[in-house]
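Shown next, in structure tokens, is the structure this report addresses.
Letters A, B, C, D, E and F mark the chains in the order given here, with residues in each chain numbered from 1 onward.
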């Protein structure tokens, strides 16, 4: 029986769409670890420490949700922390094919680990970290699309 | 915490693709109810009794899996049996949009019930009950695509 | 300059998703004709008269919106009423390919007539007349998904 | 080396989009057999004899193209006539998923038979036999979308 | 009533596919402003001045079409110039999901502004500024895919 | 009659998915040239010489398959070597739209050259050169996804 799941991602920064998925997963699994991926080839806007911290603040009311970071293969990380499932969100638009490719590769790499998909609320169907950063950069009104602490951080960090 | 899930469908008949999803769900939930939907507007090849029986035989080794039938709204049935989640499979091709539409409607009808998607193994990516029935009708070699008991039933029932 | 548009469809029955599109079109065109299509090969739940009447009630507050019915080619009807554009809604899921095929055929049949697409609000992304009828049939709570008059009609007409 | 291919379909009736694919395939294979499928569950507008005859007339200038009919599994028919490939057309819109499902099932049923896809010219991207029949029924101007002989037949057969 | 629309984009450079959309929009709206977006994070082949100039030459025969440039949020620019709609083109392939995401975000940022989609002619279904630049770079024959003035500019600018 | 085909790509590095397509094409055409594309704007992991060499080793048992490299337009290269067709693979996920766009552009640039699509085996549906490189970088077990010689090269080249 799989009771511990990992929700991997860049979370640069976490959005309300991500939190929507976290809450759904936390209703199914005893323990959900949000695992921020360290990608050596990308140049994030927020540091690993900032991303982890923003997630911790945004999820502090969820008792069975933890925040961590990792580098390397997702399947190896999930195995290491004793998890059995990878959680992913699907938005009405644009996610399906990339997610399916990733889930298939992960199943190839470790067939014991299951990928479980939750559907994002349609009101977040268009939301992504990059869309948020672009809107924040140009001073768009995004305060209902990200947690409060992220909103403040974005205002400081992402300005023209 | 959601520990009981319902996997609704027509299962006319159950395929190895369906069973693949059942096994994945049974690793996540304490109890999975496969619920055969009675659709007043469709004319199935197998009767409700046959479909339920084929599923029972095909899943008898899975301890936390039960088979039932229902009519009416899926969300009401899930609520009635005390379930908290609807299980659905996604194939690499062709399922995503219809599944998303159904999951959104179900969320609208009962927001307490979560839809959880599992990805079918790529080797079953092309499999559907109707493709199976068509191949069986023309005497195609499908014995690795359905459980043994279904294979025999198909040979009896679906002949030109 | 194209100032009159036709929004063709079956409207069996009209949903709030359809009305969302009508309102958007009515902000762009001087006159929008909602044209209920008589399809000799389909068996609708509501009669042509009922569908037209439900639309008239639902759109009576929109001054530049009219309701009509037609049979035959959409392009010929649009030409006959002196329109220059066909209005269509696109939902986040499942519409794009069928709509594109229809619009291409219409452009082939009459290149003077433009098809203009509006995007349905994401909250109606899953909505269709058939999903509504199915939910109504099984007594699902759909009163926020259709206009009030349609809700009453559905309760009378579509019962198990 | 595969030198003989089968192009299966309903061809009810053949369109210029189908002929576009036939010509492409006839440049690759020594012999292309257009094989009209007899589907016991469908009610075509044209009889099998009419569909075969229309195809013969429309392809008479293509020396290495033959017309035949069959019932049963496509893979068995291809095997019987000594073919090694199934030819299919892909349109820019709407074909991909159904075609992929069918090709995968055919590969499962007979792994010796290859499915080869050609891309329809974009000017036929919206064309299908059903769209043609609908337009013909309502007297749309479709003479450039089907071969001449089909155009005449359609005018006789499909009238309101 | 919305009578002024903005068609935003990079136009690096404008193609005949873009012009096709401009002409369609100019038949619906009293005034269409083609607005070249200044993206601080991208490195275009043509300067802002060149892109604006190429657009002006290519659209000089269209009386109600104007060319401008902007930076920042599209919705703020549309609001500033007194426009009510954003015009976007949809190609048969590959555009739909990204366009839907952008339109949803824009609707979130300013719900008064409508996005209106036109369908590109199928003969331009494969056309994009980047495909044009790649073909031009390798001396492909693209003179029917871009306006004459752009063709000359491309020959000067994009050579190996 | 087209008897010689070109399979163009980056092959950085070749995967078993690519080889699957090569074998299919080699059953249809008398001669298949795998042509490694030199892209001046990309920074490959393997040099052109390494990519060609890995392909030669991986295909040495296929008598009618040759390996070459080229720069410039694919259609010009195909023409130069006397080929008549471009071979491309389609995976169940994510390829279709980009491939269709490229094939349309190639048809525009040289209408004598046909693009022929083969369907990748579903077991390689998730496979791509970049997914392989990422997994190799993090020491994932990928030896069944690439030819032996490529596996060794990857282990040397791609290490954290």
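Things worth noting here:
We adopt the following convention: a residue touches a chain if its C-beta (ideal position, glycine included) is under 8 Å from a C-beta of that chain, and two chains touch if they have at least 3 such contacts.
Note that the structure is a prediction, hence the values are computed from the model and not measured.
The minimum number of touch steps separating chain D from chain F is 1. Steps from chain A to chain C, taking the shortest chain of touch contacts, total 1. The greatest centre-to-centre gap from chain C, using C-alpha centroids, is found for F. Remark: rotation between chain B and chain F after Cα superposition is 180° (nearest 5). At the interface between chain C and chain D, under half of the residue numbers involved are used by both copies, so each side presents largely different positions. One simple way to say how far apart two chains are is to compare their mean CA positions; for chain A and chain D this gives 47 Å.
Each chain gets one centre point, the mean of its Cα atoms, and the points for chain B and chain C are 34 Å apart.
For the pair chain D and chain E, the distance between mean C-alpha positions equals 38 Å.
Among the residues of chain C, those touching two or more other chains are numbered 92-93, 100, 103-104, 122, 125-126.
Pairwise, the chains that touch each other are A-B, A-C, A-E, A-F, B-C, B-D, B-F, C-D, C-E, D-E, D-F, E-F.
Chain F makes touch with chain A in their complex at residues 93-94, 125-128, 131, 135, 138-142, 145, 160. Interface of chain F with chain E (complex): residues 40, 71-73, 75-76, 96-98, 100-105, 108-109.
Of all residues in chain D, those touching chain E in their complex are 92-93, 122-123, 125-126.
Of all residues in chain C, only 1-2, 24, 27-30, 84-85, 90, 92, 96, 100, 103-104, 107, 114-119, 121-122 touch chain E in the complex they form.
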